[in-house]
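First chain A sits with chain B, and in the next complex the same chain sits with chain C.
The block that comes next holds the complex of A and B.
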């Protein structure tokens, strides 16, 4: 059974504008999927439907056996098991780094404070930011904030991770430190769905690449096939633009 | 021009002015601020919610309160509250509401309208990504509000809340219409008893100015500190 299963997902903004057109993707346990495509192609919307930050009007999404778009689904419980990393980090600026990492553990998982702190410290160490536990998000660089955001998702022991353009708001010199953490995570066998333009990352760790354009999944191919011989004209076009420099 | 003035009257009445008058003024300011912020936050959350009907009622309440002069509201509540109480508690007679409880309730309800507008702006100033991040780690709506949105909204709005409190501190003097002894009321009573109107009102003005001005200076400093912290 797939970890994430999206079948014929459609979404409209208003009656006219269809952002997602009949999208189907399967992500197996331990698989890393990179979703790419031109801006406005619906890739961010697609990934946000997985933990129901965006609702859908048609189709079905199942995450680890739980139907996301069923009305009886306990969404907070589901979301706690799906880690998410945002483009703009979205750390809570009024809380220290350690408090950022403890909030979900204590309020959602009901862990005790000491247990939560221990777990938070372990993950901060893993992303190389132990020294910053008591600081506030505003005192860290973008790259550091994004690593904290990854740690904040990981403290919840998620079954899979969603990344929504995790490096596109970062200065070039900070992209590597974030990608390094993600590569390590991928190699440890985490199930990941990553919206990104970092084709280097895709080549290195992705199993499959999903290419979207105008709300449609144009191509869903093994990494080797996608970079070797993309079948569609649109994907070839996109690749030539993004890889030309 | 001050040759006929007797400033001794001020000295003699200090204990009365402050122990009776200022204590009441500060208590009313504090209670109405705390109550107004809590109630105002609730109203703001209702207005921003997608509940049926309730947001419209909340908006109506705020608009009515903001469109009426405070003195009028003080009067209206004082005269109407016994009947509202009677209706609410299904009692046989109008409920006795003293001038004191009446003013406290009035000021809280009145200020809630203003604080709700402040908190509404504060809540709306929090980026939607923050809310999404709260949901993403599994928080419920209530938890996102209490741990993510409201603390930030409150912190961002703190200088405005304090500024509104300073205005409220001055407005509490309107309780004179119900013959309650606040600071100005106390000064006014002494002034009329001893025929020392100019002295007492000048002194009262000096005290209001000193407190309000110092408070606004402190708010400005707070504002600068918050700007740095953000």
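The block that comes next holds the complex of A and C.
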């Protein structure tokens, strides 16, 4: 059984504009999927439907056996099991780093404060930021903030992780430190769905690459096939553009 | 107060403040300080009403639901656009008549009826202004903040409680300070329904003693001091709540 299963997912904004067109993706447990495609192709929308930050009008999404778009699904409970990392970090600015990592554990999972702090400290150590536990997000660099954001998702013990362009708001010298954390996570067997244009990351750890254009999944191929011989014209064009930079 | 003609011959007498007032409760100064006490209590209670209702309506304005937005919008327009004095009279003279007879009678016999009415009227009037500020504060936050809260599994109520409102209040603390000062100033309209707050006390001192300049100069100085204390306190609160490394003008 797949960890994430999206079958014939369609979504419209208003009556006219179809942002997702009959999209189907299967992500097995432990698999790393990279989603890429031109700006406005619907990558963010697709990934946000997985934890129901965006609703869908057609199709079915099942995460770890739970149907996301069923009316009786307890969405907060489901979301707590799906980690999400955003382009602009979205740490909570008025909370210290340690508080950022404890909020969900205490309010959603009902963990005690000491247990939450211990878990938070362990994850901070893992992303190499133990020294910054008492600081506030505004006092950290972008790369550090994004590593905290990854830790904030991991403290919830997620069954899978979603990344929406996690490095595209970062200065070039900070991209590596974030990618390193993600590579390590992938190697440990985390199921990951990653929207990114970092093809180096895709080459290193992705199992499959999904290419989107205009709301459609144009290509869903093994990494080797995608980089070796992309079947569609659109994927070839896209690849030649981003690889030439 | 034709100060031009009378002012020349006006007999200043600051000693009047320490003379006994005809209400038998002490000096004229005591009378003014008694008024100050009513001003403070009324302003504080009205401010609590304004904060509670204003925050609730401000949150409603930022929900997805069209109905919620419409209800909140109508509330704000209603309470903001009717003059405060008219609202005060409506609550004091009209509302008791519209209620069932026994309730109306009960209300009219309340010992501190003018005070309660002033708290409700000024509190609700100010709540429309607080609501506008609170919803502006929430809207000023990056859209991803709500998403990040939702994504870790917080319910909408928890997202407001732990993420959106704490930042929104910080952002709008300076305008909320001036709304609090407005609340204090607005308590003076309550003299029209017989509340002996500071302005009311100054006027009755003037009526008994004929020392109009002393009465209103003293009241003015007390208002200025009160506002200075509030402003000072709110600045201290702003500093205390400042978020390290967070630039509000982001």
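Please note the rule applied: the second predicted complex is superposed on the first by the 245 of 245 C-alpha atoms of A that agree within 3 Å, B and C clash if a C-alpha of one lies under 4 Å from a C-alpha of the other, contacts with A are read in each partner's own complex, and residues count from 1 in each chain.
Here is the rule we go by: a residue touches a chain if its C-beta (ideal position, glycine included) is under 8 Å from a C-beta of that chain, and two chains touch if they have at least 3 such contacts.
Everything numeric here is computed off the predicted structure, so don't read it as measured data.
J.: Give one word, clash or fit, describing how chain B and chain C relate on chain A after superposing.
T.: Here the two partners, once superposed via chain A, clash with each other.
J.: With both complexes overlaid on chain A, does A:137 touch chain B (first), chain C (second), both or neither?
T.: Once the two structures are laid over each other on A, A:137 reaches chain C alone.
J.: Have a look at where A:86 lands relative to chain B and chain C in the superposition and call it first, second, both or neither.
T.: Touch partners of A:86: chain B and chain C.
J.: Just checking: does A:107 make contact with chain B only, chain C only, both, or neither of them? Give me first, second, both or neither.
T.: In the superposition, A:107 contacts both chain B and chain C.
J.: Go through the superposed model and pick first if A:51 touches only chain B, second if only chain C, both, or neither.
T.: In the superposition, A:51 touches chain B and chain C alike.
J.: Between chain B and chain C, whom does A:37 touch in the aligned arrangement: first, second, both, or neither?
T.: In the superposed model, A:37 contacts neither chain B nor chain C.
J.: On chain A, which stretch or stretches are contacted by chain B in one complex as well as by chain C in the other?
T.: Looking at chain A, the two contact sets intersect at 48, 51, 53, 76-80, 82, 84, 86, 88, 90-94, 103-104, 107-109, 136, 138, 152-153, 156.
J.: Can you list the residues on chain A that touch chain B in the complex?
T.: 48, 51, 53, 75-84, 86, 88, 90-94, 103-104, 107-109, 136, 138, 152-153, 156
J.: Which residues of chain A touch chain C in their complex?
T.: Where chain A meets chain C, its residues are 48, 51, 53, 76-80, 82, 84, 86-88, 90-94, 103-104, 107-109, 135-140, 152-153, 156.
J.: So in the complex, the part of chain B that touches chain A is made up of which residues?
T.: Counting only chain B, the residues touching chain A are 127, 129-130, 132-140, 143, 147-148, 151-152, 155, 229-230.
J.: State the interface residues of chain C toward chain A in the complex, per the touch definition above.
T.: 142, 144-145, 147-155, 158, 162-163, 166-167, 170, 243-247
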